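Chain IDs A, B, C, D and E follow the sequence of writing; residue 1 opens each chain.
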Amino acid sequence: MNHAGLQNKLASRAGLGVLSAFTGLFFVALIAPIVVVVLVSFTPGEALTVPVTAFSMRWYRRLWEYQPFVDSLITSLYLALSSSFIAILVAVPAAIGIGQSRSRVATALTTFLLAPIAIPALVIGLSLLYFLSNIGIGVSYAALLIAHTVVSVPYVMRTTLATYRNTHASYREAASVLGASSWQTFRHVTLPLIAPGIFAGALFSILVSLDNLGVSYFFGTANVTTLPVVMLSYLQNQFDPAIAAVSTVQMAITVVLLLIVEKTYGLRSLTTQ
Amino acid sequence: MKHPSNTATQEPGSGARAASKSLVLDAVSKRYGGVPALDALSLEVEPGELVSLLGPSGCGKTTTLRLIAGFEFPDQGSVSIGGRDVSSLPPNKRGLGMVFQNYSLFPHMSVGENIGFGPRMAGIRKPETQQAVRRMLDLIRMPGFMDRRVSQLSGGQQQRVALARAIVNNPSVLLLDEPLGALDKNLREGMQFEIRRLQQSLGITSVMVTHDQEEAMTMSDRVVVMRQGKILQSGAPREVYDRPRNRFVAEFLGTANVITCRIVSRGAQTVTVGTVCPDEAHGASLTLALPKNWTGELPRTIEVAVRPEKIAIDAPQPGHVQFRGEIVQHVFRGSQHSYEIEVPELGPRIYAYQQAFSSGHAGHARGQAVTISFAPGDVVALEPDEGHELAMSGIDAFICGPETVATQGVR
Amino acid sequence: MKHPSNTATQEPGSGARAASKSLVLDAVSKRYGGVPALDALSLEVEPGELVSLLGPSGCGKTTTLRLIAGFEFPDQGSVSIGGRDVSSLPPNKRGLGMVFQNYSLFPHMSVGENIGFGPRMAGIRKPETQQAVRRMLDLIRMPGFMDRRVSQLSGGQQQRVALARAIVNNPSVLLLDEPLGALDKNLREGMQFEIRRLQQSLGITSVMVTHDQEEAMTMSDRVVVMRQGKILQSGAPREVYDRPRNRFVAEFLGTANVITCRIVSRGAQTVTVGTVCPDEAHGASLTLALPKNWTGELPRTIEVAVRPEKIAIDAPQPGHVQFRGEIVQHVFRGSQHSYEIEVPELGPRIYAYQQAFSSGHAGHARGQAVTISFAPGDVVALEPDEGHELAMSGIDAFICGPETVATQGVR
Amino acid sequence: MSTPGAITSLLLTRNGKRSRSMRVALLLAPAVILLVVFFAAPLLENAVRSLGLDVHASGSDGSAFRNYEKLFFDPYYRGVIVETVRISLYSTLLCLVIGYPVAHLMVRHAGRFAMPLLFMLITPLLTSIIMRTFGWRVLFARHGPFNDALMWLHLIDRPLSVLGGPLGVYIGIVHVMVPFMVLSIIPVLRGVDRRLEESARILGAGATRTFFLVTLPLTAEGIATGCVLVFMLTNGSFVTQLLLGDGSVVTLPLLIFQQFSLTQDLGFASAMGNVLLIIVLVCLYVQLRLSGRKGTSQ
Amino acid sequence: APSVARAADLTVTAYGGAWEQAYRKCFVQPFEKQTGKTVDVILGSPMQWINQVGANPAHPPIDVMVGLVDSGEIARERGLVDKISDAEIPNLKQLKPNMLGYGKGYGFPIAFGDFGLMYSKKAVPNPPQTWKEFVDGTVAGKWHAGLPGISYVATAQGVIGLFATVYGGSLDNVQPGLDQVKRMKASGNVSFYSEPNSPLISLRSGDIDIAMYFDGRAWAEHDANNPDIGYLNPRPGAVAFPTMVQKVKNGSPLGYQFMNVLASAEGQSCFANLLQYSASNRDVKYSDQVRSRIAKDDDSLWLSFDVVSKKTPEWVEMWNKQIGR
């Protein structure tokens, strides 16, 4: 048929090719430093060196032996999960409230509820340290939980609001006409429909919490310290592949979490505002 | 299986008349931010009746349904179902069924779970719910679809599942908001039949909103034509079609040749009009029944309407009025021919339909001189419209002479 | 103002025949991931002609338009516009206009910017663009709308702006993909008129896709019925309506009573059939023209079609075939009455339309015994369908006897 | 109905006379109270502290507005404020320029690869900043893979020092921020009606003009969301600047960190925190105004 | 209000990793064995602890705090720590007097590290023997040098003080020192680092050839990964950075007993040999290797950290303005 048609196809293919090459490069750059960390964690040597020529689980055993890593990793995970859970409890109703509201006040409140991600974590941490100490909460797990929840709220609120706005009101109306009470409508219709948004927000807040040094910094106690604080303190005096190993373990745990979310709810919602 | 609405407990204060109705809206008004959406609207629906609400966009059809459903509450007036005032009940306490334009099937549930949602909410136990769902699936002729995902259904199938979900709980009133709006024409006509069949066989009192006038006439026991939050006319489809109250109704429900006539004289119940402009010298004269609500002084002119299918071409009958004209446009529409005829005595253009009786007959040719005729009984005198205009921008309006909604394809 | 397509430069190698056409699709095929969407489809459109593509969902109508527009490239075959092979040109080099179902007006631009987009792309200078936009606004009778935001327009106005935007550059071919699909019925009919008026007065060659058969017949010079990527039948609306090739076309374009008949004998150009099932003893017999493509062995039975409006009730004429039956359903549709009649000699049900001639006439009542009749010339022998079934779930099918698409409302 | 059921139904019910705003207020209350108490109040205390009125902090001598005087009238600190905004702004633009094509490819061409790509996209968020920095140091070392590859290709003949300057900072910031940009653009881009682009094409616009005149403006919403997010997050971060900039990039959050870790001048730190807050609020306000204006016109 | 539920009898602080392990082994465990009391160790950084105490001065979550000299000064000035004497801590008598003086009566150093030059023996076969040689060599491009940036907690002030002293200024006039840093920076042969591990990575990867660094960690890196590393204290000496311990005000009195262990010769011998730092107790026994590596008291430069602490905000600002950007 048409030789020129082929040419034209090729031209548009070439455009796509450039775009694909760019994106490929982008993703390589994106994961390269992370790949380095993972590789280094399997070195048998003392130092974090690249290229890694042999494979060893040595530093994973070391992890296991250095109690603060294990303890603080558990603390961090527990903290991330519980703070995002509390954030869900307060942010989801808020998102629904804003989603239903037609008023300007609610719009202004949206800004307010998003504000905690704009303030340096250190400022939030320090301010809260003095504030909480004044009201008698002091340094404790409770304080850590409060601080992380404050930072988690914006993420959960934002994604939930977006999903809620995307779900048509007629689903809820259909349910109530069919005899569902407000609670039943929420439980059986609204909640399942906005669940992906809630999970996406929770996921973001968990990821952010796991690496949030600034907010955790001031609240560590002997029994309750988060992984970033321990890592920072460890790095002051020692730099060995155990650090890479603990990072890899943390990453592996989050990836598993992600896969669970993906299998249960699908991650499409991550891409939903 | 009969709808249970009449057995509902009757509350004190609601009139005895209301009790015999399935649904009564009593002078309900609703404003949105100061702008009235419904204006003291009253409507009564008999048990088992299917009433269609018709009207231009924004006239308040959906608002009416939402007030009945309980999604909105009236500013004034009351809503009663089965003789019981439900004005302050939330939707889930009203025992209704509803079908939405986009079906609103729960996307996270299977077909069976969607249909079973109502019974489940009513606290019906699982085996009975399953049974009810199966009965519904048989009713809508989709027996094997219990475990299908909603996303795997075609539009027509979704529509039927939505219907099943709405009626499984034996609702006292079924509400349908443009239930067929999202379907294409062929499927739509099939579903009109299906819905009407179910509605009649189960005897469910129903209120439907549709944009499609023919659909409303085909399916309903009664059509209600609304404008700006008010009911203009309500009655059996044929009655409203044949005796439209005013020009708006005439033109909204099908096509109408509206002719402005000079008033010659007035009787007790009748008015005699001349069919040409007052400034012209000739034309026929007709004596017509006065519109019901006609009171006060007689104006100088009056509008009358004749439907295109009432006009015969070259087939005058005794007693019919006759005019000479010329075919200016001929459109073949399948089962009908549509003609645009210039009739000097009436004004520039008259529309006439002719059944396409025979494929051998080519229809009247453009330019052909014809005689048109119609029975005086098919001419309706219209009440003057209260300053409202059908929003038909782009269509020229004549001060005097026939004006027709341009619903004609043109060659 | 005449469309410029014929003046386009003619390239060597394109046939002389193609040059006289505005648009030629020559055996184009298109597959999506192995699944054929278009199958060696050929179509020629005359200058100034409006051709409508009709067919069930997924038959390839949109794909055809997209190939013409250049959004997709054919796997095989070629597309020529004004005698010039454009198969390999990108859309912006083809000089076309297009209107989409949802209008696709640029929401971030004003009405004037939308209409002026094409001239702007063509490098026309600002004052001239402004002038062209103003001319277009006059043409669509929206002179004051230059600076309006698109979101402030009604559906019908958006539709007209989309049309103006599509024709401002004097396109050689105008493509319309369900241009009126989003409008409600009254507005839709007004716009059919409007589009046809502009298309004819400017003489723009046009290809339109619509789901609405009546719309296609009303507006088009030619309708093309498609199925599964192929053209089944193409011709003037009346020709296709009156002489459908097979059952699919007959039922897709309006309503048809399809009756399965026993073949009695065969002539050179004709076939004689018996109107009852072969296992029954009585019934009328008819001699019909053989379908054009009829070759090979005669089957045992043949399907014939009669349109509902060709059937007279209680008004037999000489030479017409007659049957006795009983009214089982009567639906008032405004300008027509629709009857469902049980005719034992033909099978369970026959649909017949009757013009609502007089508002005084109530129509035939349910249960009334009637005589139906139709001219033998209005009966069409159908080619056997190649195993395709119209997807009409929920409608029972009879092995023998009339089958009709259930396009009837039912009381 | 269980107790939570009862409470929720109290909150969610559409009952007759209870107004919508009442319900909305009840739904918003927990979150708003939480943030008023544990976010706004501590920051307010902070603002007071920055005025030197506080009892906790040391070095609160001199005028109450000393800290702000310094921030607004000392050209150095003014410069830092400008630098802070500039870094955030450039990072935001970089993320946009890099992220948009990626989002475009993911939405329009990735097909079944979209999900794996999405996974990869959020990997930077999975590791701690310290380890990411280590990764970069290894990759961009004088004899690391990056320089080796360029040398091998004869593109350079002396190793480039990528890190330790503004370039390193931008690499580090874009690395973590670009996922937020892409994830904000994707849904909006997905929502763009392809027929609008096709309309432009058929009206004579080539691929490039179609993109700039139609696609880009139509994704303004997603771009705005992504930009605000990246801007806000960058504006509040310092670790990347600290670890990859080696002192070459000084921003307000970095100075705040210095006040914590070196001088313990918490009043000055708080003052800088408040300036940051003001910058962010102004940006949010501008964005809301912009999208609000669009909102009313639609 | 009581803010922290104390799990143990005593709460002390520590840096993580090898430091923590040595601290536990040499001090915490012996203390627990001696007294039968339990000790909790908080990992983190000095400023974190100071603020935790500062936020809860009446019920501090910490009893004994480690830190640097300047952070110790801040704690003292904010009134967060108790005065100490050999009445509560008898072992104070065994400490070298100049070092004890560093605590100003509110704490004492347990050990100190020198901040000298770590270099690659291959890349810098003839390392500079004086700071001036180092500066000139850097400016001349003989090597690429790593210097601590202002944001590297703990050492920047020492560096400013060092160059001020070496180049004829003083703690009251640090401009001459800053000028030299500026000079080196202008040569383009300097990288500033912000955390202690990057010089190690950079030295290994060849991005730098020489760096100002702690002796103990340089030797640790030498032993573990990089035998190419050499270390020396240029003349007139490297700044000594002691690790201070302080008793938190309103903290448990047990803290004094613990600090007595911290001051003990046995504890410090154990600790100094593990981390290769010089100890404050004059009776400490070093292994031969460690003795050869650690600073002699007189090649260290002892800055007045009480002055440094007061000057810090000013210096930070000067550095930021002149070198920072």
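Here, a residue touches a chain if its C-beta (ideal position, glycine included) is under 8 Å from a C-beta of that chain, and two chains touch if they have at least 3 such contacts.
Heads up on the chains, UniProt names are A, D = Spermidine/putrescine transport system permease protein; B, C = Spermidine/putrescine import ATP-binding protein PotA.
None of these values were measured; they are calculated from a predicted model.
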item	value
Contact-graph distance - origin chain A, target chain E	1
Contact pairs, highest-scoring chain pair	A-D
Per Cα centroids, the chain farthest from chain C	E
Most remote chain, CA-based centroid, reference being chain B	E
Computed distance of Cα centres, chain D from chain A, in Å	15
Cα-centroid distance, chain C relative to chain D, in whole angstrom	55
Distance between chain centroids, defined by C-alpha means - chain B, chain E (Å)	89
Shared-contact residues (touching 2 or more other chains) in chain C	90
Residue numbers of chain D (touch at least two other chains)	13-14, 56, 130, 134, 138, 144, 207, 257, 260
Touching two or more other chains - residue numbers and ranges from chain E	45, 55, 195, 197, 201
Chain D residues touching chain A - in the complex, by the definition given at the top	1, 4-6, 8-9, 11-14, 20-21, 23-28, 30-32, 34-35, 38-43, 45-46, 56, 98, 101-102, 104-106, 109, 115, 117-132, 134-136, 138-139, 144-145, 175, 178, 183-184, 186-188, 190, 207, 222, 225, 229, 232-233, 235-239, 253, 256-257, 260, 266, 269-270, 273, 276-277, 280-281, 284, 288
Residues on chain C engaged by chain D in the complex (per definition of touch)	69-71, 90-92, 94-98, 100, 102, 104, 106-108, 117-118, 121-122, 149, 151, 165, 169, 175
Complex interface listing, chain B residues touching chain C	56-57, 140-141, 156-157, 160, 184-186, 189-190, 192-194, 196-197, 200, 211-215, 217-219, 237-238, 241-243, 252-255, 307-310, 312, 331-336, 353-360, 375, 377-378, 391-395, 405-411
Contact set on chain E toward chain A in their complex	1-5, 7-8, 11, 14-20, 40-45, 48, 51-52, 55-56, 59, 61, 195-197, 200-201, 204, 217, 224-226, 275
Residue ranges of chain D touching chain C (in the complex, touch as defined)	193, 195-196, 198-207, 209, 213-214, 217-218, 220, 297-298
